[in-house]
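Look at the two complexes coming up: chain A is in both, with chain B in one and chain C in the other.
Here is the complex of A and B:
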């Protein structure tokens, strides 16, 4: 049995608020169709019976990858290479409150 | 007044680490140039991978043990997604106790007078960047971000809403901070190393969260403000709504600022770049073996070993640095009672008055013990010692040097004191006559002599000289009559 889930216009608007992206009316329609397609594709997963299976948190079966607490010189030049806007040494970003 | 319930979410940096939580950037970023302590990992550049700092896990386990919490046998990291420039990746690597997530530890408690404040959970996460605004937060068009702090290991300690007054919240935080100080894992005197969000709800109202509280003093202030605000609303018949408010330290008010994401909107999911961490019993045991003396045991020992008053012991435990300082002093000169009184009273009082941090003061235990010996040997008076102490704190000079430079040595010269006493008797004839009848007036005369020597006259000697002089005066009067 397939349960139809679909995103409402309100949910699309809410998502755009969460993502801080303004959408035009046209885009709202476009993305609502696209996201609904994706959702219905993923609904196939619901058909699988996973009742007795333990959850998977990581696809690789390894644990405890740890490093010792040693510091190395930082590399700000490389880290700042892709920053779109700097003001002095600061990264300039839009005000979000 | 309705019932008040306060819960706290304390964020404490693991300040004793050399490197960040998931990369090797150094941690002593305070006072450094903005964005100089960063690398491609803590800046979230695609293609880089975080690797967990082992010592961070061990320090966190030590803290959880000290708070009587149950350590999980394994833990996962989750991504907390949100769009805010304090995390360059657009998510924070944190932990989650839902959706199958397991945090480092759960349960536990902190004992404060008359109650145990229960701990709900403890989790490890990365500290976000520091944001400043051009002008004020309300008017600024853009934010300026310094990522030096981003990725510093942070422990989140969440309590149950067990505190019933703002004062109790402060007492809890003091105790927690003292425990962390004793563990030598978080030094709360470092600016911004311990921060706190508070939840407060009053009977008949919804829960309000207050963010952006930078110190313990501020917690009490913010909660007091919020309590009054909510009470006033309730009186008017308006119920408080569930919201997040921002504490404005300068204006001392809470402001409804950001419409915050609901929990489900953080879209938590397991961090695929990090593997699970299994915490074996053996690992926990080796960490437990390193458990140092904690505040309650420390206090008891100070009272037993040095016969200190519980009040003084409390202060020395709350200010662990001062407690250590005290024991070093007592080792050099075994006068624990006097030392503790000086440290807890005059020294701490002066530091608070001048806004000097304990670790900034320029004196060593030798300064204090030398000063005390000078008092005990009658070289300076207690009153003068206070001046000497203050000067030592500021300049770091040894007491004998200060005494010499400022001419503070106690006057033992009979001749000088007699001269001054004569002068005082000349100038206070009425008081002299009163003093023949009234002890109080005599003390006034003694006070005048002390004043002339700026407190340097030996009090016993002065007392004797003034008394003798009065007897002499009396005899003279009797002869006349």
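Here is the complex of A and C:
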């Protein structure tokens, strides 16, 4: 079986940007080898003949469950108790632009 | 004679109900046991002693007053740390959630509490349930109760080890690709992954939502039936929970297995399988044969693609599910740098361990433009192929049998350098998750003091068949 070298370090950098996970230089080097080994193994599915088959995204038929739109008493303390950085009753977010 | 903390759940329920045992005395005995052994085993991340003792007192009061006692009355249970528990820290064994305390109980927690079970604490796991050894925990590994140089299996290693060494009478884990069956096999206890959709996932912190199910771990099959009776059933808060008529799983206990047809797929007995594992598994199949079942060796060709397909799907779903951890409303938050994007990336760099990062990156790749068809879509089509193969097999056979794990519990650190080697451990367990079928691991002997498990797979909603055959095997091996 032909094994393609699938991921360059540049691509891993790009993927880490897409996934919003900063990687250290050491992790980039380590992942570059490990991920290529794993992807070579994943290429095993290339051999499978599935041309006429539909994908199975889910083994059961699922549909959205809707509940009635009833208001409940607010509980801001509970909602905010796990927030790491608060300013008063506001969640402190980093600069966006 | 058995010590109090060693009893099975059904024995505890019986003793509390007929006034032979005080719930408080028993729960105290469990906490003494935790104190005695957990510094070596590291099954627990958090113990909820005060809450548990208060609940035990309440149960004793109810018993004294002759009030109704639930089907799990007093039973001390350990809960995997990816299942939300109100007011008890729930970390997923991740630095990113190390200070997270949920404001609500998962549906399964509500259900076991309603039946008067007592939660002892939260158990160690691979971070976000990604792993097969519990070594990928931010808080350090869980140790195999049978050998302190070896892993407990994963990702529900803490839940399995706690039951194995009687730090809990029963536990809940979650199984995405074998995460309950693997540690159950390595720790010599029973673990069942139910049919997808049978048990509510509401309050389970998602990793791969089309594959995972909350799953019980117990000491014996009777306990399994009682616990499954309690947690199974539709939940309107979970769109993946199915509306099915609830069965009474205890009715399968003790039924004979004469005429039961067992399929033995050769792909699950592959070349890499340890010879001692093979021997014990075949011995168990012959025990079932002696009890009147018959077996046939079969081939399910598509199984050779199962592991690759599973990891592509699981990692893709993980990359999407874990996008929510931005460290703003909850979770680990680092110091602010530059803008939102850089801060978000830094939070995740510091909050996630290496295996989680690897899987998110792999999943992001499999879903990215240009690769989606080749990896993600193809893997989902392969899933259809595998499902068709199983559907055919289940037309001829009541259950399929195989080793749960192809290997014995391995040494700590042995597979950490090579992630692909760790993935290979899941070869025999992932097919059941891909097709949504129920599968169980039952102890079937040991080699050199290390436990070995046999796996049975049934078609969806046939948990009863698994309980029936497992009970018979358990009964025969105890004789």
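One rule holds in what follows: the second predicted complex is superposed on the first by the 66 of 97 C-alpha atoms of A that agree within 3 Å, B and C clash if a C-alpha of one lies under 4 Å from a C-alpha of the other, contacts with A are read in each partner's own complex, and residues count from 1 in each chain.
What we mean here is this: a contact is a pair of C-beta atoms (placed from the backbone, for glycine too) under 8 Å apart; a residue touches a chain by one contact, two chains touch by 3 or more.
These numbers come from a predicted model, not from an experiment.
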Could you tell me if A:10 is touching chain B, chain C, both of them or neither one (first, second, both, neither)? neither
Based on the superposed arrangement, let me know which partner A:55 touches: chain B (first), chain C (second), both, or neither? both
Is A:78 touching anything from chain B or chain C once the two structures are fitted on A? First, second, both or neither. both
Superposition-derived comparison: chain B or chain C, residues of chain A touched: C
Which holds for A:90: it touches chain B only (first), chain C only (second), both, or neither? first
For A:63, select first, second, both or neither according to whether it touches chain B, chain C, the two together, or no partner. both
Looking at A:31 after the superposition, I want to know if it touches chain B, chain C, both of them or none. Which is it: first, second, both, neither? second
Which partner chains sit in contact with A:18 here, chain B, chain C, both or neither? Use first/second/both/neither. both
Looking at chain A, which of its residues have contacts with both chain B and chain C? 18-20, 55, 57-60, 62-65, 67, 75, 78-79, 82, 91, 93-97
Would you mind writing out the residues of chain A in touch with chain B in their complex? 18-20, 55, 57-60, 62-76, 78-80, 82, 87-97
Residue positions on chain A within touch of chain C in the complex are 7, 11-12, 15-24, 27, 30-31, 34-35, 37-39, 41-48, 50, 53-60, 62-65, 67, 75, 78-79, 81-85, 91, 93-97
Which residues, counting only chain C, touch chain A once they are in their complex? 99-101, 103, 196-197, 210, 236-240, 242, 302, 304-305, 307-309, 311-312, 319, 323, 326-333, 336-346, 348-349, 352, 354, 357-358, 360-362, 364-366, 368, 374-375, 377-385, 387-388, 418-420, 423, 435-436, 460
Mind listing the chain B positions that touch chain A in their complex? 17-19, 24-27, 33-40, 42-43, 45, 51-57, 74, 76, 82-85, 100, 131-133, 137, 140-147, 257-258, 261, 265, 270, 272, 274-278
